[in-house]
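Let me begin by presenting the structure, written as structure tokens, before commenting on it.
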Amino acid sequence: MALTPGTPPAGGAGGGAELPVPAGGRSELVEPIVVPNTLWRPADPVADDRDRALDEITHLRQLEASGLVRRDDARWGGALEVIPTKADYVLDLIRMNSLWPLLSGLACCAIEMMSAATSRNDMDRWGMFPFRASPRQADVLIVAGTLTTKMAGPLLRLWEQMPEPKWCVAMGDCTCSGGRYKRSYSTIEGIDRIMPVDVYVPGCPPRPEGLIYGMMKLQQIVKDARGHWPEKPVGPTVPDGI
Amino acid sequence: MSVVGSTWGRLTPPGKALAIALPVLTALSIGLLAVVVLLGPAVVTFLGDNLPLVRFVVAATAVLLLTIPTAFLIIYMEMKVIAFMNLRIGPDRVGPYGSALSVVHGLKVLAKEDFTPTGADRIVFTWAPVVVFLASVMSLLVIPFAPGLFGQDFNIALLYFFAIGGLSVVGLLMAGWASFNKYSLLGGLRSAAQVISYEIPLTLSVVGLIILAGTMSLNRLVLDQSGSILDWFVFRQPLGALIFFIAATAEANRTPFDLTEADSEIVAGFATEYSGMRFGFFFFAEYVNVFIISALTVTLFFGGWNAPFDWPFPVAVSLDPASLGIWLLVLVAVVPVAGTLFFAAPLWVANSRLPAWQALVIGFVLFNLAVVAVGLGLAFVSFDWVVGLAWFFLKTYVFVYTFVWMRGTLPRVRIDQLMNFAWKWLLPASLLNLFVTALAVVILAK
Amino acid sequence: MDRAFRRRLELRFGDLLSGPIRQRHDETEIRIAPADVPEVMRTLHDDPAFRFEFLADLCGIDTGRTMQVAYHLWSETTPDWLRVIADGLSRDEPRVPSVTFLWKGAEWMEREAYDMFGIVFEGNRDLRRIYMPPDYRSFPLRKDFFIADDAARSPGAGVRPMERTHVPANAAPGGVVRHSKVD
Amino acid sequence: MPTRHEPAAPYEIPAHPSADDPRVTLEEQLGVFEPIPPYPPRTEREAEFYTLRDGEMFINMGPQHPSTHGVLRVVLKLNGEQVVDLDPVLGYLHRGVEKLCENADFHQAICYMDPLEYVSSLFCEWPAVIAFEKLLDVQVPRRAEYIRVLSTELNRVASHALFMGWMALDLGGLTPILYSFIERDEIVEMLAALTGQRMLFNYFRIGGVNGDLNHEFMSRLGDWMSRATEQIEANLTLLNENEIFVRRMRGLGVLDRETALRMAVSGPNLRASGVPFDVRRAHPYSVFPELEFDIPTRQEGDCLARYLLRMDEIRQSLRIIDQCLHEMPDGPVMARVPRLLRARPGRAFAAVEGPRGLYGVHAISDGTDQPFRMRIHDPSFVNLQLVPLLMPGNLVADTMAIMASLDPIMGGIDK
């Protein structure tokens, strides 16, 4: 796995600004699909302008130009606009409601992660409970605990073994920024140096309620992604100079 | 210039082409319809001539369609029941009381990325889930759900069932071998050893029952148990029933015998490398197996679709529409109106804010509900297959609940304990059961 | 402080001790040469007068000048912790005999000391890195291994900015290595 | 036999491959991840382990595995289902705590202690605090001592409750861990009311504790104590009367007395083998000489004995908590300690008895406000050495049982 540029510039230790920051599954919405009118010329000269590109002349503009109804009244046109994205939307509603975390804890936060799944505060209510032991069947990687340089490789391998669509939640200060071990010689200051992160849950460790809140934020992200998860930057993105 | 001409003039070339093509297509479709209408009777007669084929196709389709909601229902049941045993709430966000969550899980698994790991044997890896799933579905085919309601009934149905049940092991072994993963390999070998060694007590435990009934057709086995509750085989073969239940649990890889996907030992067993819908097939097959094992236990030992007691209020619906004559029309015309008014009037009287039309609407809905309820009640007491179906599913889900209960309660046994139990306890017990049964039959025959 | 215990130690290991026996609070500390570790340990473990059966801790120490290995022992014959310090290991080639022939459980602790300080325990049959990756290059707990933004790089080693004026005696000019006042 | 060791010679300004070093690429840090090392074996033990006889195979368990608690990695050498040998690989959670403590002053060093044993954090603070107090010759008020004992015993109960759940989970039981988490959450919430944090309560201070008992803590504690015994007994009946559970644990991983002493094991694993060594009695600290409680000991030394012994310790801890509540004196909870501490040069060693054994801290001061050397001795680090000793000959499923019965915590094992 090509994690780094071949010859990193010396002294580029802090240089993490220009790298592509992993956006948490977020991307702008697609344009509604319009059906170009290639079958007849409009009788209305207002709508019949030849200088515009052909695919801009749509049934909806016909309707607007005719002045009989407003564009929003066009039921079939509205359907044409909505249906293609609606399917993805439904798919995202489905994905949002069944997020299976990977049963992997690194350190202290793992205990709170387990506590978030147990009786007192029950993550199962949102369909997040079946902690899959195999990364092949997991949707969310909750990185709970300090990430050391020795553990980074196995963690990356886990992340790459998970099938798309997948999300990553950084739980705890150590995974968000290095936390109290930032100065140490064997820790990685925040997992976003080696993998894309969707939700950061700060705290040392965060309470289970905090984790559940983060997971609900992740649900919102999944819902807003509107089925465009392939556009999400996937795989490790490493700043220069590490 | 005529309207037609102006319209034709404004058409672009593709528009013109379409304008010409549309009538042609219409003509063609009409012709096709005519052909169908002409040849239809011949086809119908052909199907009528060999009805078993039709019946088989319909039954297979119905069974295949039955598995999916069954699996969803059992998954949801397991989630809720185990949550209840864990003092949790369980899923309650998706759908009413989280009832849609299992469907959502299934659809999500369907939409996941699905890949084959490097080094895996692609063909075997691809076909293993299909084999496992089909084995479950095919063994559903012989189970009599109700009098006259079964896929196929042939005199070696029980043998067929065990044969197909053994087929699922092949699938698990394929999955474990083809995954190119040592955990999967361990899981597959465990499942092979376990299922093969539990096949023997499973089969031997029902031989005594076969001796008593003299048949291997599940349908006739159920008919033998009709009558009072004491005719059920569980009272004539208690030891056999116990052995069958235990062996069946191991057969379905359920706790405490779920060594094949032991989460805490071998990560996910044979399914470690499976993702997406292939994993979904395993997931479904597990729960369909639970349903099948429960159904077979009910069929063999707990009377199948026989009611444990007769319906105390015999109702004879002898309504012959022809005998009513003109009154039938009156009935159809008057009863809905009267019923609607009957339900609507108290509402309208009681609530002064309620407009009359809303009261009428509500009344009409209530009336329809009442009609449906009465119809179902009549069907329940009059059509025996409805009664049978109800009893069958009731008993079956009692056993499904038992499986879930065991899963929530018991830890897992070790592989050597599993084998010792199979060979040192279950097998001698089943042989003893067989011997005693045969002896009793011979003595009684004298 | 157990004076009688101190006397017993002096009587038993009079010539083996490389320094005075120190006692503070509930601890008794003796110092020996690295070569004498097996003999002293075996005596402490087997002699019915001592019966130090329980090894509480084993750790390496880098005092900036030399390396040390400290063993903490417990026995029911004395209320004190006994600290045995194998003193005077060279920082370039630190070597000390292993005590795994008495306490096999010391194996991993010796591996840790090797991993952190580079101290070689002769006789330990599994002496490899235990924490750091196998291809790791240096020994983190040595005093000349600085973590990033280390205050010890600056003069006034380890003193917080609120008292910059105070420069402790142990702050070498340039503060390369932080020597210890304790020997 | 002297082993190959890497040349310790060049020690100029560090060539340390840490994440801060711009000269080191990430591949170098991530390292190789192969069950069979690509390099030639460095020790005879490694050479012996990594040679396969026919019929044997390696299986690499961890660092991410559901039942290696945390990121322990174990390379198993299997013969079918039977474990021939295994080699634990540590260091996946090595955070360099000792180095960080040497670069922090005494107050800051205490807060690095917490995450070591994230299930029983107070037991990691305690020896450090005692060692610093020895260095500084600080006398702790008696009320502070009582509060320390009270809070740590509560923490011990929480830790052992979690142990029960994990034990059952690794044996395949689904439900008990949720019950034990209910207990643990109650205790942790009341400790949060006392200390302000839910897991890593940085509560002990040099010369006392960080605050007196408050009303919420006392009310929660009384509420819990009134029903603790019944709840814990009820949870225990779920496992102790379970035939499968008992049959899988009895006679598994037997550890005899001499081996336990030779392995320098401490804590419940040692007492389950018949050695009544408990630091609270063997080398009394704090106010334990004034409290009366028993040291439960068992002779079998198998997994079941270790499990049952921890359950007995829960009952003893409840006794101690009860006495603390009755005998707690009034007074201050902090000694008069200057904000800027300067210990006089010297060494101190302090040890406490935790839920997993002897937690020790060996602190050296050189006159500055920072510990010159801070050695942290963790019991689970030593206890984990038992796994290669007890495992061979058992089945794969027993690996989980034995490892769970030793109750390791990775945060403490690789500091």
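For reference, chains read A, B, C and D in written order, and residue numbers begin at 1 within each chain.
To be clear about the criterion, contacts are C-beta pairs under 8 Å (C-beta built on N, C-alpha and C of every residue); 3 or more make two chains touch, one makes a residue touch a chain.
Remember, predicted model here, so these are calculated numbers, not experimental data.
With steps allowed only between chains in touch, the distance from subunit C over to subunit D comes to 1. Chains joined by the most contact pairs: C-D. Inter-chain spacing, taken between the CA centroids of subunit B and subunit D, is 50 Å. Subunit C has its Cα centroid 70 Å from the Cα centroid of subunit B. The distance from the centre of subunit A to the centre of subunit B, each centre being the mean of the chain's C-alpha atoms, comes to 37 Å.
Among the residues of subunit B, those touching two or more other chains are numbered 86-88, 263-264, 267. Residues of subunit A in contact with two or more other chains: 103, 118-119, 133, 149-150, 183-186. Across the assembly, subunit C contributes residues 131-133, 140, 145, 147-148, 150 that each touch 2 or more other chains. The touching residues of subunit A, counted against subunit C in their complex, run 149-150, 183-186.
By the touch criterion given at the top, residues 82, 85-88, 182-183, 186, 190, 255-256, 258-259, 262-267, 407-417 of subunit B touch subunit D in their complex. Interface residues of subunit D, counted against subunit B in their complex, comprise 57, 59, 65-67, 81, 168-175, 178-179, 182, 242, 244-245, 247-248, 395-400.
Residue ranges of subunit B in contact with subunit A, taken from their complex: 10-12, 14-15, 18, 79, 83, 86-94, 98, 101, 104-105, 107-108, 111-115, 263-264, 267-268, 271-276, 279. By the touch criterion given at the top, residues 3-4, 8-13, 103-108, 110-112, 114-115, 118-120, 133, 145-146, 148-158, 180-181, 183-189, 193-194, 204-205, 207, 238, 241-242 of subunit A touch subunit D in their complex.
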